[in-house]
Amino acid sequence: MAKMTMVQALNLALRQEMAKDERVIVLGEDVGLDGGVFRVTEGLIQEFGEERVIDTPLAESGIAGMSIGMAVYGLRPVCEMQFSGFSYYALHQMEAHAARLRWRSGGRFSVPMVLRCPYGGGVRALEHHSESREIYWAHTPGLKMVIPSTPRNARALLVSAIRDPDPVVFYEPKASYRAFREEVPEEEETFPLGTSVVAREGKDVTIITYGAMLRPTLEAAEQLKEKDGIEAEVIDLLTLMPLDDALFTASARKTGRVVVVHEAPRTYGAGAELVARLVEKSFLYLEAPVKRVTGFDIVIPLYQREMEYLPGVFRIAEAVRETLRF
Amino acid sequence: MPRQEIDLPHRLEYLSILDENGQVDTSLEPDIPAELLLKLHRAMVLGRRFDERMLTLQRQGRIGTFAPIKGQEASQIGAVAVLSSQDWLVPAFRETAAEIWRGKPMENVLLLFSGYNEGGQIDDALRNLPIAIPVGSQPLHAVGLGYGIKYHKKQEVVMTFFGDGATSEGDVHEALNFAGVFQVPVIFVCQNNHWAISIPRGKQTRAKTLAQKALGYGIPGMAVDGNDILAMVAAAKEAVERARSGGGPTFIEAITYRMSVHTTADDPKRYRTDEEVQEWVKRDPIVRFETYLGSKGLLTEEAAKAVDEEVRAEVKAAEERWAKRIEGPLDPITMFDGAFAELPPHLVSQREELKRELEAQKREAHHG
Amino acid sequence: MAKMTMVQALNLALRQEMAKDERVIVLGEDVGLDGGVFRVTEGLIQEFGEERVIDTPLAESGIAGMSIGMAVYGLRPVCEMQFSGFSYYALHQMEAHAARLRWRSGGRFSVPMVLRCPYGGGVRALEHHSESREIYWAHTPGLKMVIPSTPRNARALLVSAIRDPDPVVFYEPKASYRAFREEVPEEEETFPLGTSVVAREGKDVTIITYGAMLRPTLEAAEQLKEKDGIEAEVIDLLTLMPLDDALFTASARKTGRVVVVHEAPRTYGAGAELVARLVEKSFLYLEAPVKRVTGFDIVIPLYQREMEYLPGVFRIAEAVRETLRF
Amino acid sequence: MPRQEIDLPHRLEYLSILDENGQVDTSLEPDIPAELLLKLHRAMVLGRRFDERMLTLQRQGRIGTFAPIKGQEASQIGAVAVLSSQDWLVPAFRETAAEIWRGKPMENVLLLFSGYNEGGQIDDALRNLPIAIPVGSQPLHAVGLGYGIKYHKKQEVVMTFFGDGATSEGDVHEALNFAGVFQVPVIFVCQNNHWAISIPRGKQTRAKTLAQKALGYGIPGMAVDGNDILAMVAAAKEAVERARSGGGPTFIEAITYRMSVHTTADDPKRYRTDEEVQEWVKRDPIVRFETYLGSKGLLTEEAAKAVDEEVRAEVKAAEERWAKRIEGPLDPITMFDGAFAELPPHLVSQREELKRELEAQKREAHHG
């Protein structure tokens, strides 16, 4: 086991899957010699050649549309959108075709592709490089939507996404790309899509989150323990579609109080669905309104102010305290 | 190096072999066996008769909206005629004749346009993608298939269709550019039928021809009389041979005409003159091909009549199979089929919801 | 006052606004001689000429992108996406530019455009012609999102959308295009964006809906009254962004029970946000879980089965009864 | 009508006037007043110096990622030099020199790239759109502006910039096609700097030139030595005159080179050779222009030095203004500014939330 960053762990997943299955092909802008602007595909072109690591022209819809055709042919394309902020150029391809070809053809064709997108704020980037718009994908019938949070689960989830028989949109929290390391086993690991995990156990309140927000959430939980003696249970969703509502509703039944945390804009964000599921499945257990700690319903500002836009430890901890005070 | 003219790498040609009077340019006449010529003819007539029948069924309210192909039989059949069954067809939504040539059962067409998802089902043996309604979105899939072929070093080729209107979409541009860069074995057949609903070809782009768009991608382009099946076969054959031998993609502009409505929801009287349509009636691809076949002694008037009757019977039989398929009660629950390889829990429970609702509704209808 | 269909009412709105303000320009595929495939723009080209009623090439991103430039120049483009199913081709233009130019330029430029999209099922259409994906737009910061429900409010809302200084996505429920008529005054009417209305008063339960679902909802309310003596209050949202949560939370406080109805897929749909707002603002008043009556999380089936996909009177009424039984 | 060659309506030309040794083709030499020549020179030097300074500031961590322009000074300044202040500039993100020529304060550039939204603020007097980072998305806005100009019968023109990579995007295709159809007064300047991050021009498209893409839209296209400011001025002038007199759009491929990194986050050593860069160092647009100015007796070595010093002082002054602007404390609450003309209730309350949070945080920091 080696300590790895998420970038390295994702690279490991790609490398091993490519070695194991020659149908796996990586494509996108600058994924070849450059190794991807975040270096997730580093070294792959040297190991697997230009036919399997394809530097494409600059066209996101083209990349997604071509991947769809490749997948129909039996390949397993893993394509990279350089930033999620440019992935919407490909939404119509994914919505109209990747998500539907199995259904449309009566099962004759399928689209086992992965659309990888670095997403989210907190890395002092330019405009369009910090959005969190996972809902565009998670709300689209026929797509799966995965968001890992640590190097180890990122690696395992990417392997499972590649092997999944259906299209998976894979959002990578770039704020967590190199922020910390984790032991990642060299031997193969997978992780079932559609399964959430308890990232920290607790009994007083449940905090549900995913992606880059896991870290400030865990930090807030730690502070709450130390300063207030509050024991927060933290649920890491990992997959937004299909959503594992069994785990978080069980936790909510135990604690009776829930806070949801995401960096995407609040209105019509993922948090709303979590609240709706809680109300549907654990209504009588809820002792306080569910608080949503989220990005605001505005474009994320340029980097001097992005930390005030993004939910941070302070905002999360305060929301938990308020929820407990209710 | 002052104002220097730039050499363009590809010539642009216009190909026509059989003119609108059925006269052939013998220097270009392709060498097509008589049997195949008759098969092409039959497929064109079938396409025409099936189209007419669908229009009737639509007017009777038995099927929903669809896009008639009348007038475009040659540009479709001529193109796909040169494909083998191992090759791939990536259609838009107005290639019914081509799809039937490639093995799609007519009853499936009827099923689809009468609102049954079952009509989209593709037989395992066929290498036809389902129709793609979002204009211009499908040529990219052809590029991906072409990449798969190249990657696996197969001898297959891909033929994709789209319209004059589709050339305006960014996706078609991206597909042509990718095809040029990756040199995939893809034949792009643009059926320029002069209209995109109410928008005439001249308002779609200021380019003199659509074929010249190929120049922007460094791939060979060609304009062809799309109502001339001999020219279509010749052009498609050249393109397929190039693709199969590693020579990469080709763009074919098939110049044809949409003789009927855009779809059955459309009223072309609002935007085009009957005179224009009449001009094109004179260029009917079937009429001129029958003249040619007649002049070659391959088709007598009676033989033509016989073909027509056979074809009508075929259409009728398909219609009966379709009618049988939709006889029983609908099972709405099947709407969940194919959403994913394996239905995730939330869809299992939504399916249960629907089941309960349908049963409750049945009970209520029964009781009250 | 004349009785009009929604199509006629929308046409009236365009005609009057164009007559009044020469900056208003209509553009899109087939909006000219053809009058639009639904005839919403019928007669405009004859009245206002080709310069103001522009038949564009077939390119949705092009239409939206060109409209953005026109709006920056000071025009008031009203562009039509032929069906909402093809509007996603334009999402990146709207997201990246229409929604941001005011903000990005420090107020120097603005994008007063309307993106009109016929949406929704129930008209026996082909694939891609029946979707409800309003969330793509409503979740996008910087856009307003309006969905009228009747001829009269459609006309008034379209006028207000055209005059709004910011970009408005205007979803037209095509199932309601010609399904019924309503008196629409010839003289000018506007309706403030961001304001919902009570479509039917009641005291036992609140049903929140919008767009084409208003009609089956009102019918269900009527049935509930007749068969069960239940008095349902029906709220018609009219605008999804910004969301008028004051009206529906007040109603919920009164009735204590809420059902939300929309035809879009359930998960991450608009209903989730309504539940979340109710929980945030009226938690202690809720006497039962909020039920969501929605489309399923799958692609809407072809027309033989679409009525079973779409929420209908039966499904809505049953959900209300269950909510009252809780 | 057999295999007939199709006549293409536009010739494609390559224009070069001042070669890399500073030798001029006098038959093509544009008649530019000495004063303007010196102004152009000064703007190019300012562009270069400011770029260098930004690189230093970035390496010091004082500003964030940006896209250097080094090597592209002539293709930018030469193009915008022919615009009037009533004309419009629609930039991509690598036209800093052009923006400054068009009146953008350098301190705003620094503000933007140091992460302050304030840097995006455009002065009321300027007809420059803000930079557009999504590649290829902005030419469509130019088309819309052009339509507005035509509609209001103004004499203005629009110039939009994008890169070689951008030509692959569907949006650029749609923009060129719309421009052709609507004959709007738009000049499309494609700065072909040979790289789109790590993708060389040859992998971006198989077309021999980018200029030939214009043929697909029926609009005039031209390839120009983008490191030759005289050729750029001549080509842009021709295009602007055509546009202004109702002749519609033009596509100019400015062949230049990105001498520096793609952005400061990029490491070009991974994908290109130093030899290639050195080849282009020889073609430096400033060096050759200085040779030309020298040979015309317009610029002595001392004068060049003086320009350099003046320009450095200007950059320094801008930097000081910028430093002053960011001296005080940040007001994060301004992040809500400009979201809409009028802030809707939910944003008013979210702004309140943030206000309360910031105050609480301040209190906490104060107390413990």
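Should a chain be cited, it is by its letter among A, B, C and D, assigned in written order, with residues numbered from 1 in that chain.
Simple rule for what comes next: a residue touches a chain if its C-beta (ideal position, glycine included) is under 8 Å from a C-beta of that chain, and two chains touch if they have at least 3 such contacts.
Keep in mind that what you see is a predicted model, and the values were worked out from it rather than measured.
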Chain whose Cα centroid lies at the greatest distance from that of chain A: B
Contact-richer chain pair [A-B vs B-C]: A-B
Centre distance in Å when chain A and chain B are each reduced to the mean of their C-alpha atoms: 40
Between chain C and chain A, distance of the C-alpha-averaged centres to the nearest whole Å: 30
Between chain B and chain C, centroid-to-centroid distance (C-alpha), Å: 35
Whole-Å gap between the CA centroids of chain B and chain D: 43
For chain C, residues contacting two or more additional chains: 57, 59, 61-62, 85-86, 89, 92, 96, 103-104, 127-128, 141-142, 243, 267, 297-299
Where chain D touches two or more other chains at once, by residue number: 117, 134, 168-171, 174, 177, 181, 203-205, 339, 346-347
Touching residues on chain A, where the partner in the complex is chain C: 85-86, 88-89, 91-92, 95-96, 99-100, 103-104, 127-128, 133, 135-136, 138-142, 241, 243, 264-265, 267-273, 275-276, 279-280, 283, 286, 288-292, 297-299
Footprint of chain D on chain B - complex, ascending: 1-9, 11-17, 19, 25, 27-28, 168-171, 173-174, 177, 180-181, 183, 203-209, 211-213, 215-219, 223, 225
Footprint of chain D on chain A - complex, ascending: 29-30, 32-35, 37, 55, 57-59, 61-62, 85-86, 89, 124-129, 266-267, 296-299, 301-306, 308-309, 314-315, 318
Residue ranges of chain B in contact with chain A within the complex: 90, 117-118, 120-124, 129-130, 132, 134, 137-138, 140-149, 151, 170-171, 174-175, 177-178, 181-182, 337-342, 344-347
In the complex with chain D, residue positions of chain C that touch it: 25, 51, 54, 56-57, 59, 61-62, 64-75, 77, 92-93, 96-97, 101-110, 141-142, 144, 165-166, 194, 242-243, 245-246
